[in-house]
Structure formats: structure tokens, C-alpha cells
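Once you've had a glance at the structure underneath, I'll fire off some questions.
Chains here go by letter, A, B, C, D, E and F, matching the order in which they are written, and residues are numbered from 1 within each.
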Amino acid sequence: MLTVKDIYSFLDSIAPFSSAAPWDNTGLSVGDINKCVKKVLLSLDVTGEVIDKAIKENVDLVITHHPMIFNEVKSVISDTLLYKAISSGITFISSHTCLDIAKDGVNDCLANAIGIKNIETSEEDIFLKVGEIAEKTEDEFVSLLKEKLNCKVLYNSTGNNVKKVAFCSGAGGDLFALAKEMGADALVTGEAKYHEFLDASFSNITIFSCGHFETEIVVIDALKEKLEKEFKCIEFIKSNQKNIISCK
Amino acid sequence: MLTVKDIYSFLDSIAPFSSAAPWDNTGLSVGDINKCVKKVLLSLDVTGEVIDKAIKENVDLVITHHPMIFNEVKSVISDTLLYKAISSGITFISSHTCLDIAKDGVNDCLANAIGIKNIETSEEDIFLKVGEIAEKTEDEFVSLLKEKLNCKVLYNSTGNNVKKVAFCSGAGGDLFALAKEMGADALVTGEAKYHEFLDASFSNITIFSCGHFETEIVVIDALKEKLEKEFKCIEFIKSNQKNIISCK
Amino acid sequence: MLTVKDIYSFLDSIAPFSSAAPWDNTGLSVGDINKCVKKVLLSLDVTGEVIDKAIKENVDLVITHHPMIFNEVKSVISDTLLYKAISSGITFISSHTCLDIAKDGVNDCLANAIGIKNIETSEEDIFLKVGEIAEKTEDEFVSLLKEKLNCKVLYNSTGNNVKKVAFCSGAGGDLFALAKEMGADALVTGEAKYHEFLDASFSNITIFSCGHFETEIVVIDALKEKLEKEFKCIEFIKSNQKNIISCK
Amino acid sequence: MLTVKDIYSFLDSIAPFSSAAPWDNTGLSVGDINKCVKKVLLSLDVTGEVIDKAIKENVDLVITHHPMIFNEVKSVISDTLLYKAISSGITFISSHTCLDIAKDGVNDCLANAIGIKNIETSEEDIFLKVGEIAEKTEDEFVSLLKEKLNCKVLYNSTGNNVKKVAFCSGAGGDLFALAKEMGADALVTGEAKYHEFLDASFSNITIFSCGHFETEIVVIDALKEKLEKEFKCIEFIKSNQKNIISCK
Amino acid sequence: MLTVKDIYSFLDSIAPFSSAAPWDNTGLSVGDINKCVKKVLLSLDVTGEVIDKAIKENVDLVITHHPMIFNEVKSVISDTLLYKAISSGITFISSHTCLDIAKDGVNDCLANAIGIKNIETSEEDIFLKVGEIAEKTEDEFVSLLKEKLNCKVLYNSTGNNVKKVAFCSGAGGDLFALAKEMGADALVTGEAKYHEFLDASFSNITIFSCGHFETEIVVIDALKEKLEKEFKCIEFIKSNQKNIISCK
Amino acid sequence: MLTVKDIYSFLDSIAPFSSAAPWDNTGLSVGDINKCVKKVLLSLDVTGEVIDKAIKENVDLVITHHPMIFNEVKSVISDTLLYKAISSGITFISSHTCLDIAKDGVNDCLANAIGIKNIETSEEDIFLKVGEIAEKTEDEFVSLLKEKLNCKVLYNSTGNNVKKVAFCSGAGGDLFALAKEMGADALVTGEAKYHEFLDASFSNITIFSCGHFETEIVVIDALKEKLEKEFKCIEFIKSNQKNIISCK
């Protein structure tokens, strides 16, 4: 019978937990690594709805991208998500920054979705990659992003054409200067701040911000497929979590 | 004849530079405090277009909200905005975090635009204020924000009605927990991160993010009016700067 | 019906949680502050045996001196005490350094057990107190401690008589220099290191180390009595925890 | 004629001073490295009695394990041990943490006394070693320690048999987790704190605390023998220092 | 019979040791505070010659301005000044930064020598004072300093007249900006660096550097006089220490 | 046509900017690296007089040893040297600590001026070098320095002959201990503090302090010669800057 440990080891083989950023808190969060596993739920985040679904669907394990425990925990009080998760008896694993940078991980799935080729990783920041697309006008590139990622796009319009594209799933707005140094015309990422857009304009590079959720959710199907191929007798389901941010 | 010093002193009287945040770099940035002043340009940011307009309009002084020098300057190279500003011979003043918190400053203008009443300032963070509106549904409140601030609204939908409203112009997403402690149903701010929206949902408070630019631009007209009333023989013009972030 | 909150508030009134040392993690550790309470277990520590007894006795609340969560928690794994505690559904509160220094708290109970009078608190360290006993030889004082605290005594023999006695329950060996400054002949505490004994000899003061457990367990009966007097319809039981350290 | 320098160099060859811990203050403490040497006193500590004996025996050099100057010295006052040592005209050398870890040093002498074989050093902490004994019950192992080290033993009884033994002379209670990771059933050391015993129980490893003095004094005879073999015309004597801690 | 303690207490009353700078190491350096005192040597520094003279003159106590132990002492080796001082059996006291700022202390003696009146102390740095002299040209002021302090003068010539004079005995070149803020035309001090002279020129203030020794030695006679008045039966002698820096 | 970039690259080839100390701020300070260059001014420092001469002589580039921006710049005000420099439209480059240590750089020019041979660089501090001269008495060596460097000499007279000489242009007084370790009889430098002279005496090494300006100005002619040889169609002139420190 398969246990959490088997799945943990497989995740570790495709995105080694030891390669995660030092501040990250990835791996086994809650529960029992020796538990038997028949049904697994995949989700980007742990939300109340996700735990409810995990309980209703009677899953044994939840695998998420974002860790449940980000900051120091000093108590575990009854009306928190953590208490609810522990009390459910279900086991929770996260594969966060190690999955971002892994082969076929979040960043690679993002590049794949957009159609970026000839990809190199920055030597200074492993979370930043640069590749190429067929040259497009700013407007054409915005349309491409909207279509492929099903998102709104925020950008500091420079009017520049886009051919060399840097990218970083999640919150990568602070990487625009490094992207510029690598010769990129544009940086595609999930989140950027006002002052990052402003400074990017001074550096004559365009930041295209496509949503934290939208630049990361692309990994779930790819991960599910890999797990299903490896573990044929385990059932994997998705949480169907929607972006927690509404936009009107 | 009036000089920059007269305007500097007036700004200091309505939003004391000494009340700015310790990390801020507000006050006289570039130029000559003893220069005579006949024409002044007001703008949220210093951008290349703003300097061009200042030169073309032959202004003596530019007053902005955001400072031109944010970080340590180690050299002043010819293709930078700072070099361009100094070479123009024009004087530049910024009134940043001191204007945020001043009476009739950025935060107060934001509250005024939305119609928030009975306002108190947090004892723990001077940039956070809380007040009240006539109770509204989430949808009604989104419509109000869109209309009054002429913006898109990003929010983590909780379905809660909104009556007690915390607010912080600019980037204030990290203040949601403090807002919750003060009993607020919602936090209105200019920018928030994905993980702030996520954590806010766990805390059962809604963050309404209306744009850094849109929550701050409201101060310019109010400031222009005050300056015109005080300095009748000086001409004040606006930069008509658009939000540097496009959204599609 | 009484809830954990009622007991929490009472503990806060006799030993305010806000008076705990900054590094301490006292108060509600695990569970639900709004839960109804009929039966409470008192113990110095949370051990596996203590949780077992709490489950078997069907208690609603466990009150301990030492907190369960001392260091940063990054995960909650199934074979840990914390997981066991949360899964039990029982609520856990600790009153640690605030109880040490409270009136009739741990330090006072220790003084009481030994018979120390005319007690003053150090102005430099709130955990150190100094008082007086009828003058005794070193040997007589060792006998007194063994009898009253039911413990072994470790000490750096100086041959000095003991009249003025500093004391600090738990691990207070590092306070000998302060004790000397206050004019004490001896320091009674629960733990001291070899180098502290050595340095104390140089300073001509005797440290009498009577056991961490033995200098703190004295508080349990006193606390139980107070709680029973305040909450007449709640049942309070003791864990009968033995010193976790054996000595042969 | 031999000088302190010859002995210093020999000590450096068997336990290089440069291998001491960064916080340690080992080597020449007081006096003259060029002084001629006919008689040497060996001791674990510098105490008042040790200096008295050194003066009475007319020795030229005192070699100790623990350094005389541990902390920053800002003055040298007449009633201190340091003043007494300097005024005596005798030279003082200490070989502390470098001797702990040296071949045939303190740790090795401890292993030898207990009969531990097949010893490996931890890759993470050079002060921790692990080896094996013929499997014993907890009670049998306590008896062995009492007999071989002539000490009292404090331990958190787990009831586990002991076969794989980690050890660290002096104060090493904080190493139990590392010992557990290396697969040890038990950690033998000189000192441990209450909370270390408590946490060790949770980790299911037994700490056997045998006394700081008792786990280090074993090195003196071995060191004396080595020195006598190397320096045939110098007389080496021992201080016969007793444990400074009495236990009743 | 008088002891070191009597003199220590008198020094403490005219220049409280507790008023010394936090980084300073003033007070009793070496020896015995309870020793009887018949003869005392006063000196700016402890040098080898000063100790030789102290031994030859058979003094009981040496009082210096600069402390003998400035930095952390980790060993006391035979060929150092500290070892020599301790072995001499003589007691050493220093009164350093507390004497700088005391009434009639080093700074006041410097002002007195030059003839500065109407003195105020900076509110930001207690070591900086500002007063007035009858207005002089730069050249006249240099001549005055040379005559009164018997020194060479280094200065960044600004050509400015001198009327308002800031001063700081010893090494105070870094105080020129503060001096300028207080309205001073010039800063008189003992030492300044090249970059301080350079920056002072930019700030249009003249630094007159008159020698560390020459700006401090003025205190010795004043201190000797005070001590002789207080302790009539003790003999006080001076070291006649010359400036350790030759200039050619 | 040659540009600043050509000269920048040449300077980088003879004294790589990347070899500068981490705290240093060397390279392009102000202006345009792509500007054409016909006339260049060389100077040790940027002073007001130097900028005036640069403007009057109509130079395109100023090369200095000391950087214009040493500390963090938070504003650029009209009455500062930096504002004047930027407004002049001239470009400014500095080659500071990288030139100190370069082959034929400041330190080498100093050695050359004095006639020091067989030079080695310290392995612990790249700014310190040691070489040899024909043995001289202290007085003879002072005369040599006065003649060759055209300076006053400050020194702590030890009476020692000088044969092995350590040296460091500029402010290097703190290097005397390292110089002593390398076997030097003397340290020649530009600046030393009183306490450095004092401590050097204790270590029995003589510091000869010859002036910050005088130990560095020696590089200007050598640098001018190199530049003229490389760039035949550019005119190089010197600032004729005098030492900013007068001595009387």
C-alpha cells in the first residue's frame, strides 16, 4: 500500500525540497508521513473551501503550491485554518519555491503557456529566466497574454516591441532591472508594485503583470499528469480553486 | 518677490516635513531654495514627461508627492532623470509621507472622495485611518469606489457588507490585520499583494485595492487650491500625468 | 456555563500574561477559548503521560507552567506532542514567567517552602529576590533544603554561614553576581552550570542548586487551591507528574 | 634549557591552538613564553587553591584545561584571581576546546574510560562523537557510568537499551537532537538543562549527565603521561583539584 | 591613613566616572583600591618611562588621563606594559572622558589657556563647546594658539576672521559640521583628518588642529593643584612626559 | 573621435575599478560617458578652485584621486560642489583605492620617490607594502623624507635605525601592528592618530607621518605621463592644487 512518504519522495525527485529558498517553508506541513494514501487533492492554496472539499471528498493528502505555515506559529487556536487542517486528520504537503524553479515546474509551465523558447536562467537569481518569442508589438503581446493566461494585464506602456522576454511566475516585479541587464524587452510576472512599474519605465523595460494566481495555476494540470502517471492506483483530483482576487 | 523658501515654509506649515516617515526623503530634492518663483508645476511623480513639460512651460519649481531620490545616490550620470532635473536649473520639492498624514492631506482627500465620516487614526500606525459610511453590500461598495476614484477594483470577495471602513492611500495592503483589530469591515488602499488578499480572507476582512495612482491623485487639486489661495501672484499648473500603469 | 475564557481571565488577574518575559510564549497555546469547562488538569509540564491522563480523565482544559510551544513551529507532524494535543480537542493554557514573578507565584511559593522572610525584589532582574532566614551553617542549610524541597542539593562549598538568601526558581544560576551585589550569602535556584559554580566561588557566594522541577512544583498546590476557591463548580485535578530527571 | 615555548609548541602539536572554537581563549594566558621551566602543575581549572599550590611547589608553569580569562577584561584589581596569578610570576597556559577534540584529547579519554568503540565524529558539530558499546539495559549503563567515571548520573529515563552512544565531555546537553539524527540511543555528557532532558524525552533519546568535572578530569593523567614522555627532565605534578561542586 | 579609595572618591566628585562615554574604560585600572597612599604621580599617558619613574620615585598611585586598557584584554604577557604595571604593585587610575567634560576639566582648561569666554555646550555632543574671543584675523589667531599652547598649528585656510570659536580637546576633527551649525567661525581641536579639513573647507569653517597632547596637557597642573589642596599630606609629582610625537 | 569611455577603459586597464575597496565609490561620478574628449584636467581632489579651473580651461573631463561623492546623497542643493559640478556639464571620474594599489599606482610612486626596493605586499591588507632602503639612522631617514616628499614629518621617536620600511599612502596609521608583524622597522604613511603613535611606541616601531596630500600627489605626474602616451591627441593639464592644510 502506498503512503505519503512515496508521494513525498516522488515530489522530492522532481523538485528537491532542499532547493527551496532559505526563507521558504516547504515539504510536510501537517499530518502523518506514514499514512496510507488512496485519494489526493491538488490546489494552489489552502483555503477554507479547499479543506472543506478535502473532507467532503474524503482525501488522505492535500498537495499545495503555497505553504500553510508561512510565519512563526506561537499558538494553534480553534478558529484558524491550521487548527482546522490538523483536526481534519488529513496530511498536507506543499511544494513551493522548489517547484517554481524545477524542470517542468511553475516557471516552465508559464513559458510553455506563452510560447517562450530558447530559455536561459539568470546567474544572479534562479527565479528569473529569459527566452524569446516571435517579435510582437506591445498590443499584440498583451493580447497573447490575455488569451493564453486568461487574465487582465497591467503594464507600464513603453511602446517597445517584445522579442526577448524575461519571466517569473508569482511576485517578481522587483526583477525588472536584472531582466534589463540580461537584454530583455519585457518582464512577464504575476505581481508588481507601482514604484516598480515607475522605475521600469525609467529603465525602458515593460513589466507585464498578469496576476499571481494566473501565472502559477498553470502548473497544477502538469503536476497532476505527472503524479497520475507515477501512481496509477491513486486518485488525484483538483480543488477548482478560483482566483481569490476579484476584479471589477 | 517670492522665493522657493516661501513655498517650502508654507508646505511645512500644512504638512511638516519633520513628520515624514524615517525612511522617507522628503523636502528640497534638487536646486535652489532662494530662487524666485513665478510659476509652479504640481505632479504626483517626476517622470521624463513631467520634466519636459516643466521646461517647456518655463516653471521655476516642481512640487511632487513622490520624491525623486528614493535610494542612495552614488553617481549622477547623464542619461538619468536626476541629471536631467539638475541640468534643467529648475528646483524640485517633494511632500510625501508627511502629506499622506496631514490634515486635508492624501488620506483625507481619499476619505472625502469616498464619503467616509467619523474618522479616527490608528494608534499603532499613523498611515491607517478608520471611519464609517452608510452600510452597503460588497457590490454596492465596489460600484461606489469605481465611480468616485475612476478606477478598477481588486478585492477578495467575502460577501460581507461594508459599514466601518479602514483606508490608506498608496501601498497599504499589509495593514489589513490592524484594520481588523480596529473593527473595520474593509480596507481601502492602493495596492495589495496576493498573499495579503489571501490572509485577509482568513481574517474575514475585505481588501479593496483601487490603484496606487488613483488613491493619491485626489490630493493634487486640493493642494493646488490651497497654494493658489496662499500665493495669489504665483501661477500653479498641473502636469496632467496619467497613471503610468495601463490595464487591459 | 463557565468557559476557558473565564479561567484565562482569572489567571490573567493573578499573574498578568502581559508581565511575562518578552521571549516567553505564555497564554492560550492550543484549542478554543470559548469552550465550556467542567474539569481541569494542572501540571508543571506537558508530557505524553500528561496528555494521556487528560484524555482518560476527560478534562476540558490543561493548565501548565511550561509552555508547549517554546520555539518557532514550522510544521505539525503526527508523532509530536503538539499534534497529539491539538487532535485531542482539549484546550491548553500555560502561565510561565508571569506566574514566576506573581504574588504567591512560583518564587513566592519557593520562599514559603524554605521559610525566607523580609523579601525584596532586585531592581535589575525581576526574577531574583532576596530575603532572610535565621542564620545557619552551610550543612544546616543543605539539610533544610533537602527536607523542605525533597531534593538533592548541588553546591560550591564556601563554608560560609547563610543568613541573607537570594532565590530564583527554575534555571537561575547566572544570577549569582547580582545576588552578591545585593549582599546575599547564597543563591537558591533550580539549575546552575559548572562555570557558574566556579565563578560563584571566586565571588565568594554559594549557589545551592535544588532542581528545576523541585523549585517549581511547589506552585501547583497553591494554584489549585486558588482556582478551586474561585471556581466552585469546576473540578481541578493534578497530573502527579514526577521529575523527568532520574538521579542515581 | 627548556622554556615555556617548548611546551607550548608540543601542546600545539598534539592539540593545535588554531583548532579551538572561535569564542574560546586558549593558549598563553599570563606570563612569559621565554621563561625556563623545571616544574609544571597540571589542573582542570585555575582556582585559588591551585595558585597557592603552584606557589608553594615553586612551579614555573601551570597548564589548565579551562582558560583563566573567559570574558573581556577591563581592569585587573588586586583581589582577583587574575591579579594573584600575574603577581605570582608564574606562567599560565590553557588548552581548552582544542584539547576536547584532539586525538587522545578529552573526548577520546571519556570514550576510553567508558569503553566506547567504532567512533565517528559528527559532520555538523566537531564536539559530538558517536560510537558503540556491548548492548546494555538502562540500569546496567547507569551502573557502568557510575563505576568508570566515579560520578552521580542524572538521566531522563526512557527505558531504552543502550548500544549506540553519542558523547561530549563538558556541557553538551544541547547536542541530543544531533545525536538522535546520528542514530544514537543515548548521549553521555557532563551537563544538561531541564528543558534539554524534557525535549530529549520527546525525541526518545536518553541523556546521561555525569558531571562537567567528571567527564573532563579523565584527560589529566593522559596529558601528564604524554608530557613526561616528551620532556624527561621536567617534573610534572597534578593539582589534585576536587570537583568544585558538592552533592548531598 | 589615606587610601586610594579616598582619592578615587575625590576624583569621582569632581569628574564623575559614571559620566564617561559608554565606550570609555575609566576608573581603577590596575591594583588595590584599599592601599595606603603617600605619593602620587600624575601623567597624561602610561608609557614605559612613566612606569619606570613611578617605580623609581616609589609612588603608590599613578593617575593618568588616558586609560591603560583601551581594548579587550585576552592575555597578559610578560613584555607588555600591562604586565609591567601589575607586577610593579603600584595602583593605576585613569580619568578620561569624564575629565574632558567636567567643570575645570580638560576642555575648560583649553578654553582658559586660549582665553575663550561665554561658553556653551552643544546639546548634541557633550564634548563640543562654543565660546567667544575678541575678533582676530586668521593669522592673528594662529599666532595666539602657537603662543598659548606651545604647538604647531595645522589648518585649512579660509581667510575668515575668528570670533566665535568651537573647541574640543583631543581628537575632535569630526565635530566641524556641528560646530558650523552652532555658528562657529572655527573649531580648535587636537587632531583632524585630511578629509575632515577638506570637508570643513566646503562648509566654510576653519579647523585649527593644535596637537592631541598639547590640547590636553593643560589639565595636569590644574588637577595637581586641586589634589594638593584636598590632600595636604600626600605628595603629588608630575611625570614630565613630553609629547610622544616629534615634528621636523 | 575619442570619448570618456576610451579614457575610462584605459584607467580600468591600469587600475581596475573592480579592485577598489568595497566601501569606496570610484569610477564615473558625474556626467556623460559617451561625451567627446579633447582636454582633461588631473587633480588629487575636487575643490571649488578645481571646478573653476576646469570651467575656465574648457576641459571635457576631470580625473581625480578622491571621489566627489563619498557618502549617501539624499538631495542636490544649489550651493554644493556636486550641484556646481553637474551644472558645469563637465564629466568627472575618480580612481581612488584601485589606483592606490595598482602597479605604478599611488603606493608605488611613493616607494619610488623614497627609493624603497624589494617590495612585497602584505597578505592581510593589500594597502600595506614592505621594502628596503640602505640602512639609515632615524635622523637621516627624516631628512630623506623631508627632501623627497617636500613635507613636514611627524614621528614617535624610537631611536631605531631604519632599513626595512612599510608604507601606505594616505591615512594608514592603523597599519603599524601589521607592519611590525612583517618585520618592518618603520611605517611611512600620510596620517596617524595620537593613540596610534602611542601604541606604535609600545610595539617598538616608528611611524613616520608625512602628510596625506604629500604621500599621494606623487601619483599625478606618473598618471599624466601614462595618459599622454596613450592618448596623443588629447591635452592633459594639472590643477596645481596645493595641500589644503596649512602648517605654522
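Here is the rule we use: a contact is a pair of C-beta atoms (placed from the backbone, for glycine too) under 8 Å apart; a residue touches a chain by one contact, two chains touch by 3 or more.
All of these numbers come straight from a predicted model, not from anything done at the bench.
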Smallest number of contact steps required from chain B to reach chain D: 3
Neighbouring chains shared between chain A and chain D, ordered by label: C
Identify, among A-B, E-F or A-C, the interface equivalent of D-E, where equivalent means over half of the contact pairs coincide by residue number. A-C
Greatest Cα-centroid separation from chain E: which chain? A
Top of the farthest list for chain B, CA-centroid basis, is D
Counting in whole Å, what is the centre-to-centre distance of chain D and chain F, each centre being its mean C-alpha position? 53
Whole-Å distance, C-alpha centre of chain A to that of chain E, is 65
How many angstrom between the C-alpha centroids of chain F and chain B? 47
From chain E round to chain F and on, the chains in turn are E, F, B, A, C, D
Residue set of chain A touching chain C in the complex reads 25, 27-35, 69, 72-79, 82-83, 86-87, 89, 91
Seen from chain E, its contact residues with chain F in the complex are 45, 47-48, 66, 70, 80-81, 142, 146, 152-157, 170-171, 190-191, 193-195, 197-198, 201-202, 212-213, 244-248
